[in-house]
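Below: a set of structures, written as structure tokens.
Paired with chain B in one complex and with chain C in the other, chain A is shared by the two complexes that follow.
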Partner chain A sequence: MKPRSHSLAAATVVLAAAMLAAGCSSSGSGSKGEAGSSSGVVKLDFWGWAPGYDQSVALFNQSHPNIQVTFDKTASGSKGGYTKMLTAAKAGNAPCLAQVGYETLPSFAAAGALTDVGKYATDAKGQFADWTWKQVTIGGQTYGIPVDTAPMALMYRKDLFAKYGITTPPATWDEYAADAAKVHAADPTVYLGDLGNDAYNYAGLAWQAGAGWFGTAGDQWQVSINNAANQKVAGFWQGLLDKKLLKTDPSYDPSLYSDMASGKVLSDVNAVWDAPIIASSVKDGAGQWAVAPMPVWDAANPVYGNDGGSATAVLKGCGHAKEATEFATWMSTDADSVSNLIKVTGIYPAATSGLANPTLAAPDAFYGGQTIFDVFKAETAHINTDWQWGPTMTQTSTDLGDGLGQAGTGGTTLTAMLATVQSKTVAGMKQQGLSVAGG
Partner chain B sequence: MTVRQSLSRWLVLGVLLVTSVYFLAPVWWLLVSSTKTNADLFSGNGFWFARFALFDNVHQVFAQQGGIYWQWLANSALYAVGGAAVSTLIAALAGYTLAKYRFRGREFTFNSVLAAVLVPQPLLAVPLYLMFSGVHLVNTYWAVLLPSMVSPFGVYLARIYAGSSVPDELIEAGRIDGAGEFRIFATIALRVMSPALVTIFLFQFVAIWTNYLLPVLMLANDRLQPVTVGIVGWQAQRGIGPSAVPFNIVITAAAISAIPLVILFLSLQRFWRAGLVAGSTK
Partner chain C sequence: MTTALRGRAADRSRAAGLARPGRRRRGRPVALFLAPFLVPFAAFYLAPIGYTLYQSLFRMHRSGLGLTAPTQVFAGLSNYATALGDADFRGSLLRVLLIGLVQVPLMLLIALGLALLLDAKSTLFKRFFRLAFFLPYALPGVVGAIMWSYLVAPGLSPISAAARHLGLHLDLTSNAMLAPTIGNMLTWGWTGYNMLIIYSALQAIPAELSEAATMDGCSAFGIAWRIKVPLVRPALVLTTVFSIIGTAQLYNEPAILHNVAPNLSSTYTPIYAAYDAVNANNFNAAAAESVILALLAFVLSFGFLKLVQRKGAAL
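What follows is the complex of A and B.
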């Protein structure tokens, strides 16, 4: 779930993180959840913004009389929610539990706002795919439990593909490029796809190609946004841009949906949460859409990308980390809770058991009655396992989003822009006092 | 009229026209869009009407999430009216004092206030949170009300206005007639300063009504939030899941939230006249 507009007020996260790192003296921690102690009921607070979380919390409270969770709805992460959590962690009155996107967890970790729950989560670990568990594990410490993931796929207009002579949706990026040329040659006003300005969508493409951005070695961060693997991905998309084979409407912009509705943009490579957005934003062509696996680099060995997903993190100063972990695991794995989250929140579950949830077997009328989640389910076992987010994603995603927008209008090239993003990211990390290798 | 004069007149007219289009186009878009169904938002001309669904939209806004929109409007009204009223009173007192009394530290005080004008409010949100959390006021109405009750810009404006529009002779006359200092302030100065006070009230009201970061940080409870935070919360759900809020509801809610500001401006406009007693003592 989680289409987001990270770029906006999100800069405040970095600001708050920097303030925490620079740190005035800590005003005491562990103020939350001490009242419950060993006897009686343990009370936990949970901050998040997703609809439906409150209903899963209510289900938990019914079946767990000794742990009572209170869900407080905050502003969404990029709209001030993360700043609020970081500030509260600094003030020593953060809740035990918080909804935090995978991409933001490293910045929370860098700000020292999280609690390591590794010793309570050993049982939980086996219930999630390795690559999702890696998203909540930073530098060997486990900071929460995965809730949802966002495998990517190709959403396309079946009827218009056929009209332009594309009988099967492109399975590889080579085929994608060929189809893009074919469509555009048939009608110069029509485009196979759109290169938007969503940095996280682009990150999903890099993720798929094994073109990591961040890594850690010892206690040093490593930045590889401009390495050879990333140049390959950027080079592919720049090649299509150079031949004017891509539309460049901004991501999630009305202009994109209007182009989709009028048959000028035929497909979109995006995450599972984008399927309902397209369905609700593009009214013309309902029933003509379909979902196919994301095109891959190597047909013999398909690997896919992921764009989004979040965890239930345990914040600093939580006096009941064990119970907090128990709740977070329950919320992500209990069948009733997962059904609720799929139905109301619109998540795609991270728990392996969740993928078999009957709620995901329903056919979707907008996508011609296809059971679209089957496509995503088949992909999840083959998502690249190496991806790691960095501690300055707010800044990196803003710079990358700007670069994507400029590349779309010809102001720069994707391949040239990576060097800029890399150097700005390294500079930003140094500014926060983080140890970075290379530059 | 010379050619040159008429040319410059047309130029001025042109600039004003462009400026007003620039400012009014988004408002027009908001008005038009709030009358559309969710489907029509993404098709057709964004600046012209489609199927008229305004009343249905309004109905849905107030029905969404158990009618919480009323609560948000009431909260915003409480924060804005309370904060603006108190801050206007404080600004009037402080501005009048700084303009009309000589005392040690007067310039220093005024310069501090001036410096405070330069500090952007969002910068103070995080430090304020840490302070309020120390005295256990976060997640209460006071957490938003108290910081809204001071307006350095208001003090600045009130001092300038009091200095230029409240004649010393008027104060002297009051003293001779035996009025106390506070009575002179309350019955004479306050009235003379009223155009400035209306301006301060309006500025502060708008600033509080549109404030976002402070309430986001301070409040964790949906029912305490002002309308800005509430609408952004709806918008952030981006139409996903059955409980999500459709775009047309978000847009209509935004349009409705602007109405109180329009009413306020129109109703206070008549007080907005320059110098009430300008020239009365000369």
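What follows is the complex of A and C.
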């Protein structure tokens, strides 16, 4: 009796411990990309949210029997996807591959959530424009492969522009302001554009104006969100808000698309990837929309903005960084994959070979049969390539999004909001142990 | 009684000359029977709390530009000082306090009123009303929040549209209206649940009490006020404590409402603020904020219990 109950108790404890241990590690062992021992097939997990990535993954799996990638759809980065990835990296069970925007890559680096793949990516480097390679190279380490860039443009209702007497889309911000006033004067319920609460869209506007947010001097970060150049950009948009010339629907919200569909919001300044989003969200407007270059500050010397672009990053703890890099490079450069990403995801390729992809020459029926990528192609040579992201962009973008939301409802002004975002960013960076100049 | 039993068992063991080994053997079956509770309790309750407390005492240390993996260093209580020094976080604590102070009594009054009406003899269609009042709770909270966010969204809100017909300008997502709107969402979602708890307590009251009161000439209102309400006091205390804890943990409603009300800040409630810190990859700050919130909920709910117990003793 005695020995039996003893062993039973011991067995229970061992079983419970084993179950706990299994629960903690089961998801980790598979996703870290350990080779399937029996077949020699390398299995990689890939987390991302963009539509169409799964099709490129399927193409890769067909042609690469020894590397099998599983694509898991997460919430989009700023809506929880990045949190999931960073939390997984902290817990030690992150996937090998992840879709990470250039803007968030420094935050991932600061969290120690990335794997340096520089030694596997030497061949890939030459296949991308220098500035996109700079976006994935942080502190001398290469953390992934660029997928796309995101030049911005003006997407507008051609028919309604004509109705309100705008014969050519505004080429400068001065013309944009004049057109905004013109439209609103003709019908007070109609607005030329919308100032949403998407921090990165606003970043694209600052990017265009050369109004940098972050820089480094020696071993210190410098934050310039509230500098004169940024005040100029904020002042322009606040001026339009003060005159009630802009709608302030939240970015990518059904209310914005309902206003676009009913002809209350006539245009949007947004990135190349927003073109298919508008097309699918405002289906009734098919054929009436068109794409024009983003309005510029100086017509004689046009400079354009970039809003987004992302990399396929290799995360911490990846046991197959070489294969992961091979996949990431293939996805960004293979002609079939790039065609798929252009068609379904709406990317504008970062690979130099991708710019010649025939899919980019396809006319778009939603935009009245226009070859919309020609507009973006013409802009690429004039995009400011010096922009540097900071290591706490998640926080900065949240605070900026809050500020944009408040400014939209009159709770604050864009110009005042920048000071708040600046001080919160500096405080947040200090709290995370980063050395920051000034404050 | 247990002492007597234990004494008797000890006598028997002593008589058999097995006192010491017997005592040791008794521990094992006890451990065996407790293990199914204790192991998950330790793993899923105590361990996360312990880990949160541990995390809250550290901060990240980075060298240079900090673009490589950081190291964790002991920080004492500095995360707590930072959290309490942060005006946004303090604001979020104050906000849930104010929302709770107004919304919880209001909701429980409505719940009590509905429960008394359902319990009254003359009420018709009791089963239908009981189900109808309870229905909002049967909906997942997030679904209710999405529904309400469309009912209050500027440009879509039928409530604002109706107010416009009356010549009123009503923006239910303006800064001033956010708290009332959230309070309304909470009340809608939880009144039925609380009503059901109070109603079950009412059902347990013996019918003789009401009959005796009626014989003594007590009105229906008097029965409700003098007999039923004092007897369901434990249920009211319970629902109040649940509601205090629930309000402290407010997250779903503001998070969903944020989609249509971008002016609702990402630090609107303490949990929202802690989640914001997690998003910013600042797990240590999030841990400290979570501990502060847990302490607040603990102090409020136990403070309330102490308060009503003292009052109860005085009565």
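To be clear about the criterion, the second predicted complex is superposed on the first by the 316 of 439 C-alpha atoms of A that agree within 3 Å, B and C clash if a C-alpha of one lies under 4 Å from a C-alpha of the other, contacts with A are read in each partner's own complex, and residues count from 1 in each chain.
Convention: a residue touches a chain if its C-beta (ideal position, glycine included) is under 8 Å from a C-beta of that chain, and two chains touch if they have at least 3 such contacts.
Given the structure is predicted, the values throughout are model-derived calculations rather than measurements.
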### Task
In the overlay, answer first, second, both or neither for which of chain B and chain C A:425 touches.
neither
### Query
Touch check for A:258: first (chain B), second (chain C), both, or neither?
both
### Task
Check whether A:409 is in contact with chain B, with chain C, with both or with neither, and answer first, second, both or neither.
second
### Query
Is A:72 touching the first partner chain B, the second partner chain C, both, or neither of them?
first
### Query
In the superposed arrangement, does A:51 touch chain B (first), chain C (second), both or neither?
first
### Message
For A:340, using the defined touch cut-off, is the partner it touches chain B, chain C, both, or neither? Pick first, second, both or neither.
### Response
neither
### Query
After lining up the shared chain so the two structures overlap, which partner does A:284 touch, if you call chain B first and chain C second: first, second, both or neither?
first
### Message
Looking at A:273 after the superposition, I want to know if it touches chain B, chain C, both of them or none. Which is it: first, second, both, neither?
### Response
first
### Query
What is the contact status of A:90 with respect to chain B (first) and chain C (second): first, second, both, or neither?
both
### Message
Let me check the overlay on chain A: which residues of chain A are in contact with chain B and also with chain C?
### Response
9, 12, 16, 83, 87, 90, 258
#### Entry: chain A residues touching chain B - in the complex, by the definition given at the top
1, 3-4, 9, 12, 15-16, 19, 24, 27, 47, 49-52, 72-76, 79-81, 83-84, 87-88, 90-93, 252, 254, 257-258, 261, 273, 276-277, 280-284, 343-346
### Residue ranges of chain B touching chain A (in the complex, touch as defined)
38-39, 41-43, 46, 122, 126, 129-130, 133-134, 138, 212-213, 216-217, 220-222, 229, 232-233, 236-244, 246
### Task
Can you check the complex and tell me which residues of chain A touch chain C?
2, 5-6, 8-9, 12-13, 16, 20, 82-83, 86-87, 90, 106-107, 109-112, 138-139, 141, 196-197, 216, 219-221, 248-250, 253, 255, 258-259, 316, 391-392, 394-395, 398-399, 401-402, 404-406, 408-409, 411, 428, 431-435
### Query
Okay, in this complex, where on chain C does chain A touch?
25, 28-29, 31-32, 35, 39, 43, 59-70, 82, 153-156, 173-175, 259-267, 276, 278-283, 285
